[in-house]
Every structure is written in C-alpha cells, then in structure tokens.
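Take a look at this one; I'll ask things after.
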Amino acid sequence: MTTEMVYLDYAASTPVDPRVLDRIREVAESAYANPSSTHAAGRQTHTIIAGAAKQLGGLLNVDPQTLIWTSGATESDNLAISGTARYRAHRGRHLVSMRTEHKAVTDVFDMLRGQDFDVTYVDPGPDGVLDPADFEAALRDDTQFASIMYVNNETGVIQDIETLGAICRERNVLFHVDAAQAVGKLPIDLSKLPVDLMSLTGHKFYGPKGVGALYIVDRSDCHVEPLFYGGGQQRRIRPGTLPTDLIAGLGEAAEIASGLIEADLAHLRELRDILWTGIQDIDGIRLNGSADGFPGILNVSIADIEGESLLLDLEPICVATGSACNSKSQEPSYVLRALGRTDLEAQSAIRFSMGRPTTRAEVEFAVSKYRDAVARLRGMAPGQAA
Amino acid sequence: MSGDPYSPAVRALFAEPGHVGDVDGGEWAMLDEQGVRVRLSAVAKAGTIEAMRFRAWGCPHLIAAAEWLCGYYEGRPLAALEEFPRAPIMENLAIPTEKTGRILVLEDTVRSLGQKFGEGS
Amino acid sequence: MTTEMVYLDYAASTPVDPRVLDRIREVAESAYANPSSTHAAGRQTHTIIAGAAKQLGGLLNVDPQTLIWTSGATESDNLAISGTARYRAHRGRHLVSMRTEHKAVTDVFDMLRGQDFDVTYVDPGPDGVLDPADFEAALRDDTQFASIMYVNNETGVIQDIETLGAICRERNVLFHVDAAQAVGKLPIDLSKLPVDLMSLTGHKFYGPKGVGALYIVDRSDCHVEPLFYGGGQQRRIRPGTLPTDLIAGLGEAAEIASGLIEADLAHLRELRDILWTGIQDIDGIRLNGSADGFPGILNVSIADIEGESLLLDLEPICVATGSACNSKSQEPSYVLRALGRTDLEAQSAIRFSMGRPTTRAEVEFAVSKYRDAVARLRGMAPGQAA
Amino acid sequence: MSGDPYSPAVRALFAEPGHVGDVDGGEWAMLDEQGVRVRLSAVAKAGTIEAMRFRAWGCPHLIAAAEWLCGYYEGRPLAALEEFPRAPIMENLAIPTEKTGRILVLEDTVRSLGQKFGEGS
C-alpha cells in the first residue's frame, strides 16, 4: 500500500504480525511434508501442528483436541451450523439465530430453511444488544441448536454469551458462537463459558488468511456432519492436507494475542475515545451500536450525507461502509436496518476499525478528514426540494 | 480489472469541482429523484450560457457528471440545453451502467432548466 | 528436516518454491486488506488476485474467470462432484467414476450413494489404465456426471482424459477431472481438452498448502451448488475472505511451472530410469502401474517383504506406502488391490516420488538402501512353515 | 505427541538385532499366524538357556520384541519359558495396543518352544 494510505479497516482483515510471517516461512521451508505421512518428515509436521493446537488451545483454555482446522470462519460457521443441524435433525428441526449475524451464519440458516428446518431470527434492541429474555422466549421444545455471534463485525456490539449459553444448556440446545471478531481480542475461557461450538479465523487477529478453526466441545451429544469428504484427516470431520505453515502461523498469532489482549484493549479504548470525542459533536451524527462494545470498532451514521461520496472523500483513509464482506453490493446494511436505522442512515454509515498498529496520529487524521468531508459535502448539497 | 469504481476523470472532477454554487439572476431547476438531488442554475446573455453552477447530493458519479456538465454548457447556446450530452458523459467519465438512472435525473434537470429559459424568454 | 533426510515423497506434498515464498511474504506484508473492500487497499488486493488468476489461467490456457479458489483439491473435488450432482439431479441420478480415484473423490460418491444417487465405479486394467470402452459401457441414459482422475497419486498412471472427455461430450455427461497430481507437471490445455471441471491444489507443484482451485467451464449447463454459504465472494459458489497471499503464491507457482514442465519431465524421466534400472532385477519385484505413467512416481511391490519393516529400514528416506493421505491406516491400498495385487503385495508397496529438487545422488542412495533393506529383511525371515 | 510410532527401544533393537539366526542342536518352534511368522530356537545346558535365536517376518515391533526376548531368556532357567514376560515387553518397547495380537503370536511360539524342551527332556 502506498505510504499515505491510512488503514482503518481492521475488522475486515488485519495485517499479519511479522513474527507470524517469520514462523510461516520457517515452517514452509523446513516442514513441507504431508502431516499424514508416517515417515520422519511427516511426523515432524505432525508435531508442529500439535504445537500450534496447543497454542490456540492456550488462548481459549481448552484441550487442543477439541479444535478442528478449517479454511476460515465462513467454513467454520457452515460446519458448525449445517453440520450440527443435519447431525441432530432427529432431535428437532427448530433453530434460533439473530438478525444481525454475519452472512456466513444467516446464509446457512436460510439454506437450511429450504431443507425443512424452521429458523427463528431474534431481533436485538436498537443498540444491537440481544436481550436474553427475548432469546429464551424464542426457544421451543423442538429447538435443537442456536447460534449467536460474540462481537458484531459491523458495530462491535458484544453479546452476553455467558447468559445466552447458560439458557441453552438448561434447555439442552446446542450453542454455537461465531467469534471471528472476538478471538484474540477479548479474553475467552472456554473451560468456563457454556459454549458448544465456536468459530474463529486467523486473519482477524494478525494471523494468516486462509486458515481458521472450529471448537467442538468434547461431549457425546455434540457432533457435526462434515461439509466435505475424503482422506481420514481430522477424524473425518474436515479432510484435506493440512496447511502446516498456516496452522503454525495461526498458533503463533494465538500465542502472541494471549499476552496482549489487555494491552490491546486499553490501546483501542484510547483510540476510540479520541475518535468519538473528535466527531460526536457534528450535527446529525449517530453512533450505531452500544457505547460499551468492542473498542476496536466505531460505526457512525450521519444525517444528510450520501455514503458513497463520504467514503471517497475520506480517502486515503480505508474504512468500510456496512460489512466489508458485503461492501460490493449497494444495499444498505441489513445489520443497521435491524437496529432500526433508515435506509438513508444506514447508507451513510462508516465503520472505523482500529488495530494493534493504529496510532493516535492516524485516528486524529481520520477525525479531521471526516469533519472536512462532512462539511464539504454538505456545502455542495442543494436545500431540500420545496 | 483494476477494481477502481471511479475513472480518473470522476476522481478529479469530484475532488475539485469548480462549479459548485448558484448563479445570481438567472434560471434554476432542481430534481429530487432516485435517491439523488440536483440543482442547476445558469445565466445566459444573448442566447449564450455565460455561467452554470450546480449543487448535488448523491454519489461521486453524479457530482462529477454535474461538474463536467457545467463546464460543458458554459459558452454554448441556450438551445444546447435541449440536447443532453449523454454519450460523452457516459464515455468520458466512464459511468457504470448501473448508475445510468442517476445520469437521467441530471438530464431531466437540464431539460427542466432549458424550459425555464424558454418560458422566461 | 535434518540434513540426512532424503525426501522422496513429492506426490504427498512438495516444498514451496523460494520465489513463491517471496511472493507470499511480499503480498502478505503489503496487501493485507480484504479484497471485497471497495477502498484503495481492497482494490489493490483485488488486482493481485486477478493477476494470479491470469497466471493460473495461463498455465491451463483458460479464461481466468472460470477459476474458483478453494482450500485445496479435496474441497475442489467435493465442490465439483457433489455440487454438480445436486445441481443436475433432475437430469438423472447416475454417476460414473473409477475404483482407483483418490478418497477425496470416492468418499464423495459414497456419500452421494447414501442420498439416492446411483454410482458405477469402473475398474482399470492390471496396469491401472482405464479402457475407454469400459468407461463408455458404464454410461447410461440417466448418467449425468463422470469423474476420472488425470494422474493417479499412488501409481502415476495417466488416464486418457481426451478420449474419455470426448465420450462424455457426445453423451451430454458432465466430465470432472481430479488433476491434483497433473497440474503444473503435465502440459494441460483446457481450451482443447473436453473437460468441464478440473480440480487442482497448490502444494503438489511447489505452491502453497491451503489453497487450490476448481475450473468450471463457462457453459450454461455446467454449474455447481456451493458447499458452503455466506458473503457474496466468488459468485456465491465459494464464499469466505480470499487469502490474497496464498492465491498470489499459487499464481506464481503456476507461472513458474508454465516454463518448466518439459524440463521437469525430462529430469524426472532420467531419475525414474536410474531408480527402476537399479532395482528391477531384484527377485520378486513388481512395478505397480504402467511403464509410461507420470515419471515422478515409481511404485513397486516386492515378494516376501513386510511393508512396515521395509519402510522403517529405508529411513532416512521418506517414501510412502500406499497413499499418503491414507497412510495412517494399516489397510492395504485399495488402489493397488484394484490393480489385482494381493493384500501381501499391496502391503509391501513403496511409492517413490521425485520432484524438481531431487538429485541423481538421492535416487542412487535410494536404490542402495532399498537393495540393502530387502536383503537384510529376507535374511531375517524364517522359511515358510512346513 | 511426537507421532513416532516406534519407541527408541524398538528402533534400536530393530536396527541392530544381535540374535538373528538359528542355534545348532537345540529345540525350535515356529508359528505363522496373524500375518506374521516367527521362529525361535534355543539350546539349554543343565536346565539353563544358553543361547536363543530368532527369525521373523513381520513389523518392526515384532522383530524388536523377538530380539528383546532372546536377550531376556539367555541365562534364565528353561522353566522361565512357561512365563512369558508380556508386561515388560509391552512397557519397555512401548508396543501400541493394536499390535498386541502379534505379541501373542510370539508368546505362543515361546510356549511351544517350552513344550519342545519339556518333551525332549
């Protein structure tokens, strides 16, 4: 990227930590054998993968054996949701999720709807937070599975996973959490959290792209049907030659994150304060989400501003409108619509997302660019038609 | 396949539009349709457009097209308002086809402005 | 790996070309944005991916737009086979494949059998080559899809893809080819070959692990149902954040291979000759496969030798018994069984597989180790029980 | 979780077995079962096993166990052949449980050898 670019789109993807890049290269150069092979070279790669599982298990405080490697959170979400729904179809065909989930969750549920599953999407409040009472009210006797995300990718809103999970345990409902935006960023202790399946992806916390994991609790009633077949790798749950170097990189990123979560959070809180303090007095501005969400994300709408022009005027700052995964479509964000925003409000939304490398100067620059852009565009607009 | 949704022309016109504003003592027209809002105003002398200004609320393509249009019409006869230079705009600015609707709003605004001059004369 | 190790397991996985590693690192460091983002950083990654598609398209002589990125050949095979079968179920429920396919193919067909598809597995001859007449005889009026691999991963046997594909075109049967062991190693011109879908994976031709592709011919009757859902990436056929760096690495590997295929083949032919000449006079030795297969693979069985002890005695040479993907099971290779080998013969099989970096000295060392091991183990064995 | 299916003991015994062969003038027993083949032979003097040799066709665990066994029995009384040291073998060589069947073949061969000595004496 050119030097003037200011990257404030860490929720879409993070740069890879240089230590992770070093580890990937080291492993790629020295341990390229297939980890399924029994010869010495294969055993070596096998050991590296076991070590990475230990690192990731350490971050989440779980037995490394409960982790299945995937290509990312999209695959993990699909494996968890359609894999469990199909495996447990005999227990009931009702599933529960939330309107503001990522497409990698809602699109799977929509597909299952076409296969005679019954899906209830609960709505969060206007601040994006799901009320556990609303969640509980959606559960039925034939509910077999629920999926609620940890940190929302557009707004940073944090759901009360502990309470929601406890409700599920009581009702014998399997509980999946899409933690793509939470792992490595918030402290997560899976030995205590009542969560049965959890999705994560490397590229959201300074690890490699193209690798993720699914945690599956070690309990006989929790099992998933595979998404694909072949070879015997990973207990047949997810076959295919394991990418040793990427897995080692993901392990490294997990280990680095383990030691930095509190410091990262403090850093992000400071940056978010600078950002929000710098723009909150602008006429017509509105925070999307709750004030105590994940501090790496600040999403704001603004009255009387057209989003696409705002985005272009903010260059060379790289930010998102709506979800990055969805940003090619011109549709207003369905997540913000679910929070009660109008099309116009949703369309003007900018998601600033900050990360470990973000500096105060970058955020201050973003503040001044945002103020300037709003002023310029408003100055250009005609009055309302009579 | 650079992936850049904006042509260099759109970027330049959007970044530094020289024709934002209103003219004094001429005619104006405004439309609010298809999620965009455009106001054009112009003064003419002896049947020639002397100055044209725009105000716009909309996407960069619309703003760039409005800016381009003002420069295009300045110095042309009023009669030119009846012929909207759609093809040159679409081509010179590389407007993607899905934005055609917004350019049509601009066209309607120009036509409306032309009618104002017609009525006034 | 320790310096004494001699790696002759290139069919299981190859080391990554240093130029590919450089490219991956360069891209990971400079273009980490999400390629779905519309901002400048996202557009830059998007451009890199388009460039890589062009490189891979160049290797196969196809329009880059026909390539879908996946996590590897296992996923590509699944996407091609179950994706097509489900999409075209209305055209007929009969599918054809071969007994000696990789598990990433046979396991998908076996799964489809459980979903009311009818699968015919044709058998190759004792040299592993499928007779096109046998293939044609297996096609029925309700056959909608067939899948035949290019190069067999255990024996190196090459199938006559052109003839088989032409038969499929005539009969309006979609034709998928698992080319995991062929791409980058044999000249492939998809503009001429009558192939509708082709699977490939980076780590078999000096590219990265964890990334592969599926070629889907641009014809209205050829379409696949996705394996998973979410986001709008890759025309919804395969969603998930694209791993820009891995894709760039795969593109680089394709470009490098484009210029080296003939030289690589000549090199491998020389090595295979040294190997086969060096051991073919051993009493009881038998070639598994055909003499004109892919020269990077030589698979031999030997009478009166127990395979596991042979493998250990060959250390520090890293070779495979049966398929690497299957090598944790003690089952005799189903591929060799399909070629008519007895359990004992299959169990003694060693697959030597050589690659671009393999030297004559390594192969000569393998010859002497193999001869010594056979002599020592035979010397240890008791006579037959009376 | 090193993934190495062979303990250091198995590797060492398999790589350099000192007891391969046959003894002259003693007794021998051979079994061919479960896909392995083992032949044990031994000479005894005054009720003590003086030398024991093996031949084997099978996996490294079997070969290593046979080698270990010969060393174990040399110097022990013939009566020891009635008590197969299964636990020490499984532990010292870290034999995986799925290979137990093959070790049992070895056990049967030892028992059969003991009977030969019993018949002979």
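By letter and in written order, the chains are A, B, C and D; residue numbering begins at 1 in each of them.
In the analysis below, contacts are C-beta pairs under 8 Å (C-beta built on N, C-alpha and C of every residue); 3 or more make two chains touch, one makes a residue touch a chain.
Just so you know, these numbers come straight off a predicted model, no measurement behind them.
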Interface with more contacting C-beta pairs, comparing A-D to A-B: A-B
Separation of subunit A from subunit D, taking each centre as the mean of its C-alpha atoms, in whole Å: 58
Centroid distance [mean C-alpha coordinates] between subunit D and subunit C, Å: 43
Length of the line joining the C-alpha centres of subunit B and subunit D, rounded to whole Å: 96
Interface hub residues of subunit D, defined as touching at least two other chains: none
Junction residues of subunit C - those touching two or more other chains: 38, 42
Graph class of chain-chain contacts, one of line, ring, star, complete, other: other
Chains touching one another, given as label pairs in label order: A-B, A-C, A-D, B-C, C-D
Interface residues, subunit A side, partner subunit D - complex: 38, 42-43, 46-47, 50
Residue numbers on subunit D that touch subunit C, as the complex places them: 6, 11, 14, 17, 20, 30-32, 36-39, 55-60, 63, 98
For the subunit B and subunit C complex, residues of the former touching the latter: 1-5
Residues on subunit C engaged by subunit D in the complex (per definition of touch): 304, 306, 308-309, 312, 330, 377, 379-382, 384-385
Sites on subunit A touched by subunit C in the complex: 1-2, 5, 7, 9, 12-16, 21, 24-25, 28-34, 36-42, 44, 71-75, 77-79, 82, 102-108, 110-111, 201, 203, 208-211, 227-233, 239-246, 311, 315-316, 318-320, 324-329
